[in-house]
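Before any comments, here is the structure.
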Amino acid sequence: MKREDGRKPDEMRPLVIKAGVLKEANGSALVKLGKTTAIAAVYGPRETHPRHLTRPDKALLRCYYNMAPFSTNDRVRPGRSRRSTEIAKVTREALEPALFLEEFPKASIEVFIEILQADAGTRTAGINAASVALADAGIPMRDLVTSIAAGRIDKTPILDLAGKEEEETECDLPIAYMPREKKITLMQMDGDIAQKNLREVIDTAIKVCEQIYEKQKEALKERWVGEGK
Amino acid sequence: MKREDGRKPDEMRPLVIKAGVLKEANGSALVKLGKTTAIAAVYGPRETHPRHLTRPDKALLRCYYNMAPFSTNDRVRPGRSRRSTEIAKVTREALEPALFLEEFPKASIEVFIEILQADAGTRTAGINAASVALADAGIPMRDLVTSIAAGRIDKTPILDLAGKEEEETECDLPIAYMPREKKITLMQMDGDIAQKNLREVIDTAIKVCEQIYEKQKEALKERWVGEGK
Amino acid sequence: MKREDGRKPDEMRPLVIKAGVLKEANGSALVKLGKTTAIAAVYGPRETHPRHLTRPDKALLRCYYNMAPFSTNDRVRPGRSRRSTEIAKVTREALEPALFLEEFPKASIEVFIEILQADAGTRTAGINAASVALADAGIPMRDLVTSIAAGRIDKTPILDLAGKEEEETECDLPIAYMPREKKITLMQMDGDIAQKNLREVIDTAIKVCEQIYEKQKEALKERWVGEGK
Amino acid sequence: MIMQSEYIMNLASKGLRIDNRKPEDFREIKLEKGVTGNAEGSARIRMGKTEIMVGIKMGVGVPFPDSLDKGVLIVGAEFSPIASPSFEKGPPREEAIELARVIDRGIRESKAIDLENLCIKKGEKVWMVFIDIHILNHDGNLIDAAGLASIQALLDAKMPEYIEKEEKVNYEKRTKPFPVKFKPVPVTVVKMGESFFIDPSLEEENALGARFTITTMDNGNICAMQKGGVEALKIEEIDRIFDLAVRKAGELRKLLK
Amino acid sequence: MIMQSEYIMNLASKGLRIDNRKPEDFREIKLEKGVTGNAEGSARIRMGKTEIMVGIKMGVGVPFPDSLDKGVLIVGAEFSPIASPSFEKGPPREEAIELARVIDRGIRESKAIDLENLCIKKGEKVWMVFIDIHILNHDGNLIDAAGLASIQALLDAKMPEYIEKEEKVNYEKRTKPFPVKFKPVPVTVVKMGESFFIDPSLEEENALGARFTITTMDNGNICAMQKGGVEALKIEEIDRIFDLAVRKAGELRKLLK
Amino acid sequence: MIMQSEYIMNLASKGLRIDNRKPEDFREIKLEKGVTGNAEGSARIRMGKTEIMVGIKMGVGVPFPDSLDKGVLIVGAEFSPIASPSFEKGPPREEAIELARVIDRGIRESKAIDLENLCIKKGEKVWMVFIDIHILNHDGNLIDAAGLASIQALLDAKMPEYIEKEEKVNYEKRTKPFPVKFKPVPVTVVKMGESFFIDPSLEEENALGARFTITTMDNGNICAMQKGGVEALKIEEIDRIFDLAVRKAGELRKLLK
């Protein structure tokens, strides 16, 4: 199996992670996965607005996902879409298992994800960025959340689909994974695939999550060292 | 005068009324008038949201009227329209005289009407359903509210217009009537008709309201008997 | 330089100002500048809604600018536009320096401007009307705010642009001015003009503001005399 | 407010009104036409302190699929916040929508406008007629005031020229009269206690039990009706309302120019 | 609510359910087709107290630029306020959007509808297929109920006639069967404590940790998945969920008529 | 906040600034072009801690009726909630709209873009040019930063190819340079007490009395102005602002690549 851009089947595109890229936010991170660029900002824990959303027993986690108008070839109209609403929901559910929300009753934690350039894998790039941004904000976490999409072409599990691979793959499976906890926090899939092949795809995806995890930790270390100066 | 579907001038389409058709609502009813199908749900009396709408002296009655997207040949776009807003208003005014709202100060009572299939007479079917749903919810009522539309074709008052009759009629007059109180709670009219002929149309409409009344009472009796089992 | 409608370069169109034209509002005024007709209503100082906008130290000034659907040749769609939002903002900033908002902490003062007929100069007509309406409402003011637009055609500063002059002018400069304070509260400009020529345009505009000021005072005098009867 | 309403109801029980009017009296009505220059037609009405402007605008659009050879009529009502201190808190959308729809039905059902005459090219291009109702001061009885002003504005209207070649409307040239065939006039009767009044002021509307609008055509026929308010009416009461409304419609129609 | 959830979790820790069902039992399911006359196809499902109507409507529109010769599929879900006391306070938009999109993906990815067969004129006119999901009573497991009812409604659908000349759809004449090729069926498994249940009621959903929906095709292949809920899952747990969901999908598919 | 503003005003009365800058100093400015790949042109600016990305997108659309042979320019500004803790509470729509409109006027009035050159087929198809301003970090002086970045993004832009036959845009092939004729640059001067500063930080903006933006063309002419803030200005003060803004515009223009 030969890939369009010469990668090995289980090789992801070049991944760059940088923590602390925004000044105003309590925490932030930039993730580049190939050409896909996501930036995440975390505000909170802070007071919940509007008040009637306050939860007495734990913090309210809110996620937003937005594509910059110039992030794709066909300009994205500003404002929420059905797609962005769903991605925001699964992103929140992907992150929540990593947090100790019960430590911040009544507060809210907001995660804003902006896609600055879109070239496949925007939701996974957003989750990787959000996870680092949460850590950068000093919010206690059980584990970092890593995320990647995988597929299957020519009977081979393929990691981090890009370009025409999105059309050729038997399935498109984005996953989010907590490497230390060894637990899955997001899994979606579109396609047409036999159960046993699907299992193989999942295993391949989880493997690379460990690599992402290392990159995330490096980014945070660099940030803290930088701060220390 | 011969009608398209063989009915007599003062004969309404087959009417089916069923109370207590929904599990979650405090009260509910289904009305089929020919092919037109309306379902009404009542929630309340319950706390008023948002609070600033609370009335100190009586309950707030709110009505909503909505057509399911698949209820007509040309799909109905979801969301409120000018037409549905007006129908909701006149429905509320048609129902309010039958209620003792002053018995529930600060509370709100909500009536939701869904049109599942539309074939003329949706607002009157909705009012008939709402009236039974209110009774089913155990809300004290002065009287049931019955409703039907009437018109005039070939110098003859015609009851419960349907199909092409809507185009041929001199007027389209929906009415709501409390049979025991002998009072009119809704009257609208579109058309071009002399005053004295109009009066005849109204009389014909009122007569059939008595029949609807019996059907409503039967539906409620059946519901209560059913409950008793 | 000859103007389309025979005016002198520094001559504004016929200006009519009338105070107290609406019954419900606390203060109101009508301004006709040529065919352009603006009406302004002031409500307040009154309680602020919604409450979270309340300012502890001074009144909240809110301005709205709206064009009637029939005010232009091409019907204006009802509702707010980007243009009307910006005009409302600069109108508020044009009026605020004339008010003692700190005298009414927590309250709000609302200024509603309706353009009934539009023929160039709607924002300046609106500001002139709003200023008189505020005085008519008895709200203490440091000065009246006067407003006019100026331009430059054939090397001559031109006052109160109208008709095709809007296309021919080197610049379109609306200004608002407090004549007693000798201060500028609004200045916008579109065009392409050298700095020194621009200065000349501004001077010409300010001169006519004195005339508008007299008209405004007359309108208020007439109103008070009328009231006294 | 509640005290005021009780006082009004008390008076009404004696057939009296707070402004000393008789039950069947209109407030002073001033009806003007041609009050704004960019509209194809316009009118301003003052009915007591209620003040409304109506403008007619025309444009070219696509006909509805079920009437390919007819112009399109659209009636809109804006409750400008200048008109009432209560208009800015929360949207009175419902009331504005009802107003526009009742006026719309009166005009549409009476066939007051000859929509067949407003077809430019069947199935492709027809005139769109916008009747925009702009409330400037709200002191009650908006339906009657807006209804009368709408007909007056239509009578005032002149059609702009449509330039086929350039596919655009020339608003500078308004010459052909607008095709108005009838003059439907709405009259609203309110029941207060056991009395029936016309032309309610805002104070009276806040106190009223039932409101009944009847739109009457030139020949006395009725073309639209709308009951409002939370009080039920007996059939004999409706008879009384009919008589009163039809009679009073004639009075209003005479004011049209 | 919280008390109730704790009770449910307690039971779950013993593999028990509040309504005495076994973990792998569906509630009673009633599936009807042809339940409303103006839709091209329709179905009503009752799954315990959950009740959903699905209607298929067709119209003619313009194809998407990237698939000029294919019909357009649009899935919508309305959470009618009649269905639950909680639906009117604040919009549960997110949940409704997720529901519609999960159903959409199951149908789209399985190629259940032969969209190529729904092209009228390449690049210009294609059939638009609307699947509208209308929740009438919400007692949990909306995805499975709506998914099954959607396929049933598609199987029930007949295509209306398109009258080329008049450029309009004749809804009176519905004859040609609608091109359904496969029957994708979603099954949702929930994890409660250490137990895995299917067909959660609303009470159970409010208590649950993780939810996993798997849409299975006729041949056993999987065409869509969606994890929900705030609990993370181990890979072995996902294996268990796969087995259960695929097995149960067959049961549901047999109910289709 | 109020304490902070008083402190800033106190300093200002001595001509001093909270970050030790001189009145006529910009903060450090970093301007990059070509920062994102799917836009026809792009730029990122950092002005102190203020950070903005601007992207140019092009598409094909219908011209406005009053300029049938010209491309269409649309400037939008999004205040992403990532940029400021205050952005998510209530919509700062007004500020974003003003920002976009001031930038729009500067570019439009200066004729910086040759819109005549963006006509594909008169009256039918023209290029739409979208300038989207995306605020990433808000620390004041958004107009100057966004204005400079917008021109930089336009200078960076390459036009995509329009494939006449397929009626679609080929974004893979971007070759022709985008027709930029001038480089209008906005400079905002603020009055604080009796001092005049440029490039206000967010803290300074919160304390300021009046703000005045002047957009200057390459030849020193002025093409747009906008006063903001709630303090009135004397005419002599405006003269001072003119001089300062025009002088400083040249400095900024030199940063363009």
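Points to keep in mind about this one:
Order as written gives the chain letters A, B, C, D, E and F; numbering starts at 1 within each chain.
Keep in mind that, in the parts below, a contact is a pair of C-beta atoms (placed from the backbone, for glycine too) under 8 Å apart; a residue touches a chain by one contact, two chains touch by 3 or more.
As the structure is a prediction and not an experimental result, all values here were calculated from the model.
Identification of common neighbours of subunit A and subunit B yields E.
Contact with subunit B and subunit D alike is made by no chain in this entry.
Taking the mean of the C-alpha atoms as each chain's centre, subunit E and subunit F sit 48 Å apart. Note: centroid distance subunit C to subunit E, computed from Cα atoms, is 58 Å. Each chain gets one centre point, the mean of its Cα atoms, and the points for subunit C and subunit F are 27 Å apart. Across the assembly, subunit A contributes no residue that touches 2 or more other chains. Touching two or more other chains at once is no residue of subunit E.
Chain contacts here close into one cycle, and each chain has exactly two touching partners. In the cyclic arrangement of chains, the order starting from subunit A and heading towards subunit E is A, E, B, D, C, F.
Listing the residues of subunit A that touch subunit E in their complex gives 82-83, 85-86, 88-90, 93, 96-97, 171, 173, 178, 181-195, 198-199, 202-203, 206.
Against subunit F, the residues of subunit A that register as touching in their complex are 22-25, 28, 35, 37, 39-41, 43, 46, 49, 64, 66, 68-75, 78, 110, 112, 114, 116-119.
Residues 93-94, 97-98, 100-101, 105, 108-111, 212, 217, 220-235, 238-239, 242, 246 of subunit F are the ones that touch subunit C when the two sit in their complex. Partner subunit C is touched in their complex by these residues of subunit D: 36-39, 42, 49, 51, 53, 55-57, 59, 76, 78, 80-85, 88-89, 130, 132, 134, 136-139, 171.
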